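Take a look at the following structure, please.
Chain nomenclature is as follows: A, B, C and D, assigned in order of appearance, with residue numbering initiated at 1 for each chain independently.
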C-alpha cells in the first residue's frame, strides 16, 4: 500500500497543472465573452476553444484517457484519475485535451469494437478532435438506467435497419461539430435480457432524425454542447452500422459505464476543489461584523469539512480506479457505485456552502457556482439514481452478512 | 390559543383555492407556451396574465395584501398568511391577484408615507395593476443587508437631487410595464447611522439610468420580471421625489422588511406544498423493481418528513404573523428571523427530494422543480444571509441567558 | 387562530414555573446526593421526593393531567401541554406533581374503564401518590408496537385467568412503591385482530411473577423507576381483574396511546429547553482562543437553530393537542405521529450540541446531558420506531394524492 | 500508488482475524458474564482476559504496536493500521494483544525517553502485560487540549518534586493492576509556552494521591478500566522520576498525540464495521409488514451509506498513517486532524442507525451498541473537540489560499 503517485503520473500532473495555469484559467473569461457575443444564436463554438486545443496538442497533452491502446498514453485508470480531476476544474477544459465525455466513451467503443471503416470514418477525426459524437441511450418514458427497459426499436429490413424511438439527455447533439450518434436500441426484443439490444451508428443528417429540443439543466442550456431530445422516425441505416454485431449492445454498454462513471467522479473532485478555492478566496477578501468572514468560526467548520470530504472522496475514486485496473470493472462495481453516490453529494454540499459565502453573487452566473451546482445535481440521477446504486451496495453487503451467518451456523 | 382560522379567513381561503383550481393551474401550460412563443425576445408579458388579472379583479380577489387600509381588504397578517401561501403555489399567481412583490411593499410604502401626488401618479395605477415597480436597495460591492453600508449617493443640488451609484438584484426592472423605481441611497452620509439614508422615486426613462444587464438565477432569467443591475449616473430628480423626507429612508425600510420577509415565507410554504404534491404524484405513477416507487420505504420517510416539516414551518409563519399583528414587527423580529431561515431550507430539501423522485425530468424545465429550487435558494441570501439572522436569534437567546444567570446570582 | 394561551393556562404556567424555581431546581442536587448515598442499593426513593410531593399537593398543583374528570383539573390537552413541558425540564419533576408516566395513563384507564373496586383499591392511592404502577405491553421477541403481535397468553381457567409470557421495558416495575401491573395479553387468539387482547390487573407479589432484570438505558438504570424484564409463569388472577371486559384490551390501548405519546412530546420540549439553557450558560462562561465561546459564530448558528427547532416543535405539539381536543385522537393521529418523530430528533440534536459545548463534562453524569440523551433516544423507538410513524404519515399523504389525482381525472 | 497491503501485513491480518474468530468473539459473552458475577464490586479483572492474553502471547500476537523498536514487531503505522482496526471490533480485544491505550502510548514514551531504571521497573512489566498504566493530562477546570493551560504544579523541593493538582479522565486509574501514572504538570511556569511542562512518574499508592471518583461515560463505568478524577495533594516524588528532563513534557506529549489519535481512529473503523455487521444481521432476521426489514429500501440506503462512509474513512486513516511514516507526524497533522473529526462522526451515525434497527434492544446493554455509542461520542471531545481540529484544518487551507492569491497577484 502506498499513497504516492508514481513518477510518470507526477510528471503528467505537473504538466497538466501548468497548462491550466498558463492557458485555461486565464481564458475562462474569454470563453464566456466569446459565448456572450453570440447573443441568442448560442449553438456555436467559441474560437478560443480551437486555439487552446491546438496548444494542448502541441504540448502532447492529448487523448490521455485511452487505456490499453497505442492511440492514447496507455495510462491505467489510477494514473489517469488525477489528470481527469484537474481537467474537471474548468467546464470546458476536458475538451481542450480531447478528453471529454461522451467522446471518450465513444472513442473507446470504436477502438475496441468498431469495424475498420468505422475507425477510419469516425474514430480518426474524433481522435483528431475534429468532430464530436453522442451516445443516445436514455429515454423519456422509462427508467433507462436499466438497459432492458429501452423501447427504441431497431428493426432489420433487408440490408438496412429501421430505427424508431425517442431519446433524451443525448448530450452533445446540439454541437455543430457533432457527426455521429451511437444509438442503443432493441434489435431482438424476444431474446434474453442481455442480448436484446444493439448499438448502431446514426448520422445526424440522416432522414428521420429530428432534434426536438434542448433540455436545459436548471436554466442552463450548456451550449455549445447541450442535451437534446431526439426523435428517430423510420431512420434507415445500412446493416454494417451495427457495432460488434446484433444483440451485443448490452455487452458494449457494460464496458463503457464503469469508466464513464468513474471519469465523472474524477472530474467531480476537481469541481469540488475549485468551489472550495473560490469559497476560501471570497471568505478571505470580504468582511462582516468587523472582521474577515474567514475568521468567523462557522466558516472554519465548513471549510474544514469541505477539505476532509474532498480528501475522502478522492481516495475512494483512486481506490476504485486501482481496482478497475487490477480486478476489472465487474468486481470493482461496488466501489464504483459507492463513489458514484458519494462524490456528487460531497461536491453539492461544498458548492452550496460556496454559494452561501458569495451571497447573491453565488446564485447568478458571475461566480460559476450555480452552473456547477446544476451540473453536479444531474450526476445524482445520470446513469441511475443514488437509490439504485445504494441498493446494489446494500445487497452485496447483505450477501456478505448472509454468508457470515451461514458459516457461523455451520461452525456451531 | 386556537389553531383554527376564523370564518372570514376560511371563506377567503376557499375562494382563492377555487380560483386557483378554475383558472391558475389550468393555465400554467398556457403561460409557458405563450412565453416560449416569444423566442429570444423574452421581456414581454404573456397575454394570459392580463386575462387572469381581469378575472381575479372581477371576483373581488384583488389587493388582499394591504393591511390597515381602506384600499385593501384590511386583513391582518395572520389572516393574509394562508392566502399568500396558496398564491405561492404557482410562480405567477401572486401577480394575478395584484399581490406580488415588490409591488406590495412599494404600494404599502406609498400608502403610508407617500405625498398626495405620488399616490395619484404611482399608487393608483399600481393598485389597478396597470404598472409595476422596483425597490432598488442591494448593491454589488457591499453587504447591503446592512443598510448603513449603502454607497449610492443622493446629493442635493438646488431643487434637484443628483443620484450616483449601482444597484443590483433590482427585481422587476426588466418588466416592460415597470414605471417606478424606489431608490435607497445616502443623502446625509455624515449623519448618525439611521438617518443617513433617503428613499427617492426615479423613473426608468430618466437620463442617466442604465439597465446594465439581467442577472440570471441558476440560469433562469425570470422573465418578464427579471433581476437587474442598474447604473445611476448623475440622475437628476426633483426634490419632491423624496419619500417622507430626507434622512428617513432607514425608517421606511424597517417598516417594509418585516412584512416583505414574512410574505416570502408564506409563499415558500406554498412552494413546498406544491413540490410535495408533485413528488407524491410521481411516486404513485412510476414503478421500479416491480412496485410503485411510493411503496419503497425510503420514499415513505422522505414524504413523511416533508409533510412534518411543512406543518412546523407553517405554524411558525402563522405565529410570526400573529405576533406582528399583536406586538408589532419589532418585537416579532426573532420569530421573523427564525422563519426567514427555516422556511427556505425546508422547501429546498423537499424540492431536492422531488427532483430525485422525478429523475432526469426533475433537473430540466418540464417539472418546474429546478426553477423552484433556484428561486428558493436565493431566499437564503436575500434580505440577509441565514448566518446573519441566526446571529440575531442567538444574541437574543444569550441575552435571556445572561439575565437568567444574573437573576440567579442575585437570588443567592 | 390565536397563539396566546388563555388566562387560566397562563396563571397555571406561572404557578408551576414558580414551584420549579422555588423547589425543584434547588433540589436537583439534593436528589442526586440522596440517591448516591444509597450506594449499590439503588432501588429506593430519595426522601426529598416525598417532601416535594407534599409541597406540590399543598399548593394544589396535583393531578393536573386528568382531562374530562372531576378528579383532576379538567384541563384540555392544549391547556395541559405547557404545564407538562415545564415539568419535563427535570427528570423527577412530573412525579412531584403526580403527573408522571405510566401512572397518568394507568389512572386514566382506571378512571374511564375500571370497576368500582379497582377505583377504590388502585385508583385512589394512585391519585394520592401513595403507590405506583406499571403498564406491561412490550415483549422482547416481537415488534409489539403492533398490538396484534403480542404473545402473552391470558387463558381462562374457571374463575381465574392464567397468565404466561414475558414482558420487557415495563417501566417502574422496580420501584419499591409499585403495587400494580396492567398487563396486556391475548385472551381470544382466534378472534379478529382487534378483539384478541385483554388488559388485566396483576399484583407484583402474586405467585409466578418474576422480575428477571433491570434494563439499563445507555448504562443508566433510571433508579428508582427502572425498566424491567418480567416473567409471568402460570400467574393466576381472579376473572374480575380484567378491565372493561374480555377482548377489549386493544380498545383500551388505543385510548391511552394518543395522550401518552403527546405527553412524552410535551416533556421532550421541556428537555430540549433545559439543554439549550445549559448550553448557553456554558458558552457564556467559558473562553477559547481569547474570547467567550458564545461569540464563536459556529455556536451562534447552533443556538439559533436550537431555538428555531424548539419553537417549531412546540407549535406542532400544541396543534396536535388542540386537534385531540377538537376532533379526537383518531383524526389527530397524523399530527401525533408527526410530532412523535420530530420532537425526539429535535431534542437529541440540541442535547448533542450541548454535550459538545460542555466538553468531557458533557458525556459524564455531571451535566445531566448524557442522561437526557439516553432518555430521548429511547423515544425514537418507544411506542413504535420513527419509520413506522413516518409510514403512517406517508400513507395518509399518498391517500390525499390519490384522491386529488382521481378528482382531476374525473374533471377532465 | 497502490491500494493493496503488502504480504507481511496480509499475513498478520489473517492471523489476527483468525484469533478473533477462534477466541475473542466466542468469549465476549464469557467476559460479560464474569463481569456480571462481580456484582457491585466491579473493579476486578475477569479471568478470561488473562487466559486470552496468554493465548495471544503464545501465538506471537503481542506488542504489535511498537514502531521502530526491537521490542515490538517493527511495523510501520500503515502496517499496524489494519491490525488495530480489527482489534477495535471488540472493546477488550486490544488488551488481549497488549496493544491497548493508554499503555501503548506510555510504553512508547518509556522506550524512547525513559531512563534505564524506568525501563526496568515499568516498561518491562508493561511489555509483559503484567501491570497497567495511566496518562494524567486532562484537568477539569481548563481546556487542557491546549497543554499550556495545564494548572497542575510540579515544584522542586530539594531532591524531590512536590505535585499539587487535580486531573480527570485519567483512564485506567481504577484498574487494580495499575501501577504507574505519568503526570503532566508545570515545573517552569515562567518559561516559554513549550518548556513549562514536565512529565513525571507517580505511583498510585504514594501519599497524597487520592482517586476521588469514577467518571461514567453516559451511564457506563467502563470497569475494570474506568476513567478517574484524581487529586494530587503535596505528593512527593524523587527528582529522577522526571522523564527526559525538566521542561520537556510538551515535547514528549507532541510525540505521543499523533499516534494516539490515529490508533483511536483505526479502532473506530473497527467499531463501525462491527456495528454494521450487527445491523445487517438484525435486518436479515427480523420482519415487519410482511417482509424482512433488510428489504425495506430505507435500510438499503442506510446500509449502503454506512459501507461507503466506512470505506472512505478507512482510506483516510491509512493515508494519514502512510504520511506519518513518510513525512512525520508534524506534516501529517492535517490528515490526522481530518480523520480525528471524521471517523467518530461516521461511527456514531452507523451505530445510531444500528440502534434504530435493533429497536428497544439497541438502547440497552444486550446489543453492545449503546456502549459503543457512548464510547465513540467521547472521541469527538477527547484530545480536543472537533471544532478545534476543524479550525486547524481551515487555517491551513486559508494559508494555501493566501499563498495562491499572492502568487497570482505577483504574476499580474
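The rule is simple: contacts are C-beta pairs under 8 Å (C-beta built on N, C-alpha and C of every residue); 3 or more make two chains touch, one makes a residue touch a chain.
Small disclaimer: the values here were computed from a predicted structure and weren't measured.
> Based on which chains touch which, give the shortest step count from chain A to chain C.
So the least number of steps between the two chains is 1.
> Taking contacts as defined above, which has more of them, B-D or C-D?
C-D
> Please identify which chain has its centre, taken as the mean of its CA atoms, farthest from the centre of chain A.
Relative to chain A, the chain with the farthest C-alpha centre is C.
> When the centre of a chain is set as the mean of its C-alpha atoms, what distance in Å lies between chain A and chain D?
It comes to 42 Å between the two C-alpha centres.
> Between chain B and chain D, what distance separates the C-alpha centroids? Give it in angstrom.
Here the centre of chain D sits 53 Å away from the centre of chain B.
> Determine the centre-to-centre distance between chain C and chain D, using the mean Cα coordinates as centres, and give it in whole Å.
Distance between chain centres: 38 Å.
> So which bits of chain B are touching at least two other chains?
296-301, 387, 391
> Sort out for me which residues of chain A touch chain B in the complex.
So the residues of chain A in touch with chain B come to 39-40, 138, 140, 143, 168-169, 215-221, 227, 286, 288-289, 296, 298, 355-356, 359-365, 370-371, 373-374, 377-378, 380-382, 385-388, 391.
> Over in the complex, which chain D residues touch chain A? Could you list them?
So the residues of chain D in touch with chain A come to 1-6, 9, 78, 276-277, 280-281, 283-284, 294, 297, 299-301, 303-305, 307-308, 311-313, 315-316, 318-319, 322-323, 326, 334-335, 337-339, 341-342, 387, 389-395, 397-398, 400-402, 404-405.
> Can you check the complex and tell me which residues of chain C touch chain A?
Residue list for chain C touching chain A: 296-301.
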